[in-house]
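In the two complexes below, chain A is the common chain; its partner is chain B in one and chain C in the other.
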Partner chain A sequence: MPQILPDFSSSVKLKYVKLGYQYLVNHILTFLLVPIMAGVVLEILRLGPEEMLNIWRSLHFDLLQVLFSSFLIIFIATVYFMSKPRSVYLVDYACYKPPVTCRVPFSTFMEHSRLILKDSPKSVDFQMRILERSGLGEETCLPPAIHYIPPNPTMEDARAEAETVIFAAIDSLMKKTGLKPKDIDILIVNCSLFSPTPSLSAMVINKYKLRSNIKSFNLSGMGCSAGIISIDLARDLLQVYPNSYALVVSTEIITPNYYKGNERAMLLPNCLFRMGGAAILLSNKRREKSRAKYRLVHVVRTHKGADDKAYRCVYEQEDPQGKVGINLSKDLMVIAGEALKSNITTIGPLVLPASEQLLFLFTLIGRKIFNPKWKPYIPDFKQAFEHFCIHAGGRAVIDELQKNLQLSAEHVEASRMTLHRFGNTSSSSLWYELNYIEAKGRMKKGARVWQIAFGSGFKCNSAVWKCNRTIKAPMEGPWQDCIDRYPVHIPEVVKL
Partner chain B sequence: MAEVSWICKRTVVSTKPVEAGKFCPLSVLDRIMEHNHVRVVLYYRCPKERKAGESIKMLRESLAELLSAYPIMTGRLLKTAEGHWMIKCNDAGVRMVEARAKGSVDKWLQNFDREKELNLAHWEPMFHKLYFWSTFYVQLTEFEEGGLAIGLSCGHLLSDPICVTIFIKAWADMTLNGKMVTPPLFHRLPRRRQCNETTNPQPFPELINYYKSTLEKPVPVVQAKQTTIKIAFSDEMVRSCIAMSHAPGSPDEPSPTPFQALAGLFWVGISKIKGLKNGLISMSICLDMRKVLGLDKGFFGNCMVYNQVPGDGIEEYELSKAANAIREVVDTMDAEGIMNLIEWMEGKADQFSCLMNGYDLICVDLEHVDSYSAIFEDNFKPIHASYYIEPTVGEGMILVLPSPLAEGSFSRVVMITLPEDEAINLLEDKLIQQFSPTILMMADKKYTTANSDP
Partner chain C sequence: MMAEVKSSRVKVPSLLTVVSSKPTAPGRVHKFTALDHAMGFHTGHIVFYYRRNPIRDGASMENDLDNLRISLSELLCLYPPVTGRLGRGADGNWEVKCNDAGVRMLKANVCATLDEWLRYANAAEERDLTVWEDLPDDPHIWSPFRIQINDFNCGGLAVAISFTHMHADFTSATLLIKSWAEIHRHEPVAHPPIFNLPSVINESAAYRRSSSMFSETNSEFEIPSVRMGRATFKFSEAKIRQCLSKVHESCPDATPFDVLAALFWSKITRLKSPACDDDNKCSLSMCIDLRKRERDSIPYGYFGNALHFSKLSVNAEELQSDRLAYIAGLVHQHVGSIRDEEFWANVAWLESHKKEGGQYPPPFQLFGCELTCLSMENTISSEGSFTYAAMFKQNEKPIHVSYHIGNVGGEGLILVMPSPEEGLARIVMVTLPEEQIVKLCEDQTILGLQPSMLLNGKQ
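Our next item is the complex of A and B:
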């Protein structure tokens, strides 16, 4: 509710006024056009057919004029069609479902923690408190190397995890779409913390025997928002290469990044990060339009790295004992909030309906001219999108975004349930969330989806998709066997 | 040169999460065994084409599947308000150790002893913070030249050797067929039905007296170094032992069971070794009471009861008298008596801090335990099974086990734990030599071993 009219905020009548205002402004063109068309039709009827023919004959048409006009029309049409960006379609995607034998219940995690960190009981207690409030469930999975007491992650284990996750996701995607390896023109793999030589994209090319003229990219070090960065890169490449398929693989390999020390700020990732990965097939081929699930509408990337505090907010470093881990600073949430504001300032004009943009404009003018004390108007994004996929970085992130964007519990349900069932799977969590919405049968044709992800740096990236065809549930996927149990109530604190 | 080398230690959790807030109480028969633990080792041959680590992976996955039906095994110990032990089913999992051993399983069985065998069944004694102590430990050891050893150790608080064997059989069924033949049942021990007339409790029969006196004894201390030997008796040998133990003057009395005959034989033999002149050494038998109490096959928990066998009147080391004494005691252990005992024990509110098997010579009847039907893969039966009830601090421990040979229903394997010198002397005892049994596991590597069973 705009803060300029606080007195009527509880009035029902105001709700109808607002609805009327929105309807009017969003359909202003229709409202303007209808009377004009009515006027024209009336005029034609009044004049009668004979008069129409007379007017037609009175127009002297030179052959040259006709030729010039038609060339002009054709030229403008060609320029328009050529400069229109190619539509990028999401044909399908597949998420990796970790095996049940990799499950890590809370009690097992805490026990291992206590056995491994026997000299630092305070750190163990800290981990326990984090886990209790984390919003994770009892079915999240860690890779086999982390199950050992003590964990002994080797490069071989990390590669094994990468192979298991990535190949399973790609195999599943190929089965769903009928994609042949030789058809892949662009390959983008993103995995932030594990970057071997040869790269993970080379690993995929080797396994599936992809073409030698493939355009492959491997993005590392870009944090949890790298998934959207990969989509953005794929989109740009698909503008350059016509008639192509782009395979994007988003994952995070947990094995080499288990923090073995006992600094509290660095123990958080151990508690939250879990195994997961997704493979996405994008295309700009015209014939994919009929079977594609989504069309990519916008990608907005915001980078706050210029600010020192934002840059150091998620920082990989060695602790005093020399053990490497990721340090999360205490102002993470504040910085995330600011990055979000930046992002929605850019994306707002692209997606919001005219009514919301006008209101925002009026409040802005009002603040600048009349009274700076007016509260800034937070546009209602629920009018722009049907579904929200907020990166399941942690319970705090989802809570913060729910508050900032004034979303209801149902809007953030996909994010919370993904965090509960799969944990924080980093860049692939957005795909698990999207899959949740589909598995619940809520994805209808024309629905707009907003994927938001945060990442180290500090970045806030968004992608907007429009659903191309209604997606029927039940369906195969990682939620297949448990979707009926969701949504679950996640208590504030789980007593261990 | 270490023959068994560790690969890793990890925790195996069930595939289905356990609902929060589940607790499993422990019965009196469970709680009285607090200071003991059970260790079981089963040996298998493997198909030749098996790659390293493949068997272990297969077993680990089927174990995870199986544990979904055993929340009590993946839970942790906690004390109730009254100070008794119970299990909180917190889904923490069981510990698993994976190891590799040199040579093949057949070669190992020709040259192994107690110490080596216990290396195949990893165990961690209860530590200070019991909430993080796993009650079950599984060790899977792959032999480099072929073969597999499955070792299971658990606190006796949760299960007796028979229960452990039932679990292994369920694991084998799960691996082979993907489902259990006998799903587990978790319930309390049966209660005495209330009679119409108000009866006074039975005036302290012998069983309750024995338990009462044992509970009052101080905790014993280990004295000499113990060792274990393993002897196999073929069907013929056991039959002749039974014939010898049958009391000559009473043909209509039933003949002793193989357990009774063999227990009598060793009771006499060990008493001779220890040099007792007047009567036999004090001995207690330990029997499975599942059939007696009418419990279902899938019952999970302790159901073995100890009772003392009086050996004073028996002189001149008469085998028949010994076996007869044992048989008489076995006959008195009926359902009524056991339920009386359970009721009496439940009435005792204090802790059971003694060792039930820490004073006398203990003979444990495991002859019907079903270890050889735990088949994990088609056509691969266990070739050997060993059981240990630790610690052995009394006069000695004798376990009568079934035999892997299918030749006759009476063949048995006996595992005897005694102080080292007594064990060596026992093998040279004339009475035992009379049957010329096969020695499967020697006390000491110095002695040449006899051929192991095929």
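Our next item is the complex of A and C:
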């Protein structure tokens, strides 16, 4: 409960007052309309039918006026319908499930670490502490090239991983939706750290023999929030091209980016990043409306790159030995919090019900005019969304967002369990989380989902989806064989 | 850590770890028995040779390995103690913390064809096909099981496993590879592992036996001062049958082991100087696998050490005379008289010799401190042996399987192993000081049985 309310905020009576207030403000139009309609109906009843007919005749309509008015109405209606943005539907999506031979238990990871970094025991201990508190489970997967002692990944290994992950996800999607390769009009692939020539999107076009006039894009270097950036790009393209299918592939290829040095700040990604990928089919075709799972409502992108600290927060560089890795700065959480605030400020007015917005407005006025010491009102986003998918960047990110947005454990369950089962799969983690919610049978028609992702730069991007049809569990997918074991309790510190 | 590359024909390009497909339940600890501790000085190594790479279907090696790894990962779900790590418990005894760390797997390429290798490679080169490591002082990141997949030029494959003898004996390791092959063929596992012995400690036996063969065994490790050599003799069924018919009158139930042990014992004793000990007796240390010898005894699936060591002594003259039938009869009688109670008596002796705080006595040099002979007869039946049932592809048996023991003492070791020919055929692998091996290979009686000589180095 927000701090501005008096101390008896836990009292039941106040809860009903708040409910009443919300109901009133959110349905204000209905409440205003009801007395007006009542008045009109009473007036009509009083006048009687003959009176009504007399009033009608006295209006003196002639043909020209009638025609003109009707054309005006038709014209306004047409302009309205034409200027409405095309609805973008998410037909279906598929997440990659890595093979069991790629599994990396904690003990194996630590053993390899000790064998490879035998000259830096402090770095090994640091990795162990990170792993203990990471929130990962024993079933996360690393690509085959990283299982070697020492790992010696070649470009061929990286391409092999890309092919395995991307083709498996696309094959699964095609099987689910019946999509033919020749039907794909737009292709967007995002993979932040591996960008070969020819691009990964060219690799997909080559494998599936896609059309020669396909609009293909390959986004690299954009971090973990690139998934939402790809969705945004697809949406914009679908406004320009009518009747199209857009295939979006989000993945992160771990093989070439395994840090081989011993700088602590750069060892963190080794502990958290794991293999994963997702393929998503979007469309603006009207006939997909019946079978689409979701409709895209909003995409909000916030970039804090103008601030130097935010820009350098996640920075790829060489360590003193010349080994390349990603350096995570210590004020990552603070910057993430600020980026989130920025994003919320933009998305709030779009999604929050009128009651929350009014409260926020009143508190804002109150702080400016009456008493600056009033705590700012944090809008209750649980009223705007039924489900939350917070990018599983790490336990700290999920904890921070849970605190800031005042979410319950059930709201962040999808994020925590995805982190436990699959690790941080970067841009595709949002899709694993969404899949978890569906696999648990919690996705009902009309539910609104909020996907939030952070990325290097520093960016905070959100997407809002509305569920189009109730999704029945059980279903095929990466959670198929383990959903019954979840949710699990994840201890603060796992003893290794 | 890896084999020194002298001018070895075996190149080991990579090392990785394979884990089970499902995570192990945390907190499980597997404690070793007294006998396991006693065997801790030695290591075991088995190499399975296949003519055709059983999983190559025109695909590259990388895919082969992945294919094998899938079945191995499934197998490891059944063996949590194999994927764990060794450590000392609170009482100072060895135990395995089943922490899911996995087994090491090495990939190697051999610059030879399979036939060339089996004919001309010597023991030292065969050592390169597996990993030879002793238990380190701090084994918490050391994998007790190492599997090496060796690819031959001609397309043949050798699957090798090496392990500490504290963890398993030959039968357990053979059944592990056999189970892996069964899973690879998508068949049910015939002998799923059992990790706990039936706890039948015969109390009275403990008091009856005040000494045991352990009390007479050396617990000082003697690394042999001379170079040890190895010879492998493959005897056909026909020749063994011939041999058995010769001893038939005095010993109608003789097994191939009895006859071969007797033969090699008498021949090797002659090569030694002194041939026997002070009171003119020659001894042979017999190592028998006790699984399923009696109705309620240790099951085949028991994963651990179920070996019984005992000593057979005869007068030097009797041994050095050519009375093969008589010696074979003695061996047969000795082996037949071993009962499970003696095994439990040995275990009880070890238990009673624990140190303060419950720590077991340090390991013994059980192989080679005296001339030792090991039998695997109980794994060989009329339907075949466990060893040659390890088929990764239907009906593709291994063409040869080599067994090695590490840290064998200077007196030597005779292993009587199953043969791919099945039935009565056997392979005898002898480890002796080099000069004795050379002389043994020229012995007329042995050569009279027309063995084919394998892995004997370039002639």
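One rule holds in what follows: the second predicted complex is superposed on the first by the 495 of 496 C-alpha atoms of A that agree within 3 Å, B and C clash if a C-alpha of one lies under 4 Å from a C-alpha of the other, contacts with A are read in each partner's own complex, and residues count from 1 in each chain.
The working rule: a residue touches a chain if its C-beta (ideal position, glycine included) is under 8 Å from a C-beta of that chain, and two chains touch if they have at least 3 such contacts.
Remember, predicted model here, so these are calculated numbers, not experimental data.
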Put the two structures on top of each other at chain A: do chain B and chain C fit, or clash? clash
Once the structures are superposed on A, label A:E139 by its partner contacts, choosing first (chain B), second (chain C), both or neither. both
Chain B versus chain C as contact partner of A:D399, first or second or both or neither: neither
For A:H147 in the superposed arrangement: first (chain B), second (chain C), both or neither? both
Could you tell me if A:D171 is touching chain B, chain C, both of them or neither one (first, second, both, neither)? neither
A:V104 contacts which: chain B (first), chain C (second), both, neither? both
Interface residues of chain A shared by chain B and chain C, listed 100-101, 103-108, 111-112, 114-115, 137-139, 147-149
Which residues of chain A touch chain C in the complex? 99-101, 103-108, 111-112, 114-115, 137-139, 144, 147-149
Chain A partner, complex, touching residues on chain C are 14-19, 21-23, 66, 69-70, 73, 85, 99-102, 141
Listed in rising order, chain B residues that touch chain A in their complex are 8-13, 15, 17-18, 60-61, 64, 76, 90-93, 95, 129, 132, 134
Considering the complex alone, what residue numbers of chain A touch chain B? 100-101, 103-108, 110-112, 114-115, 137-139, 147-149, 152
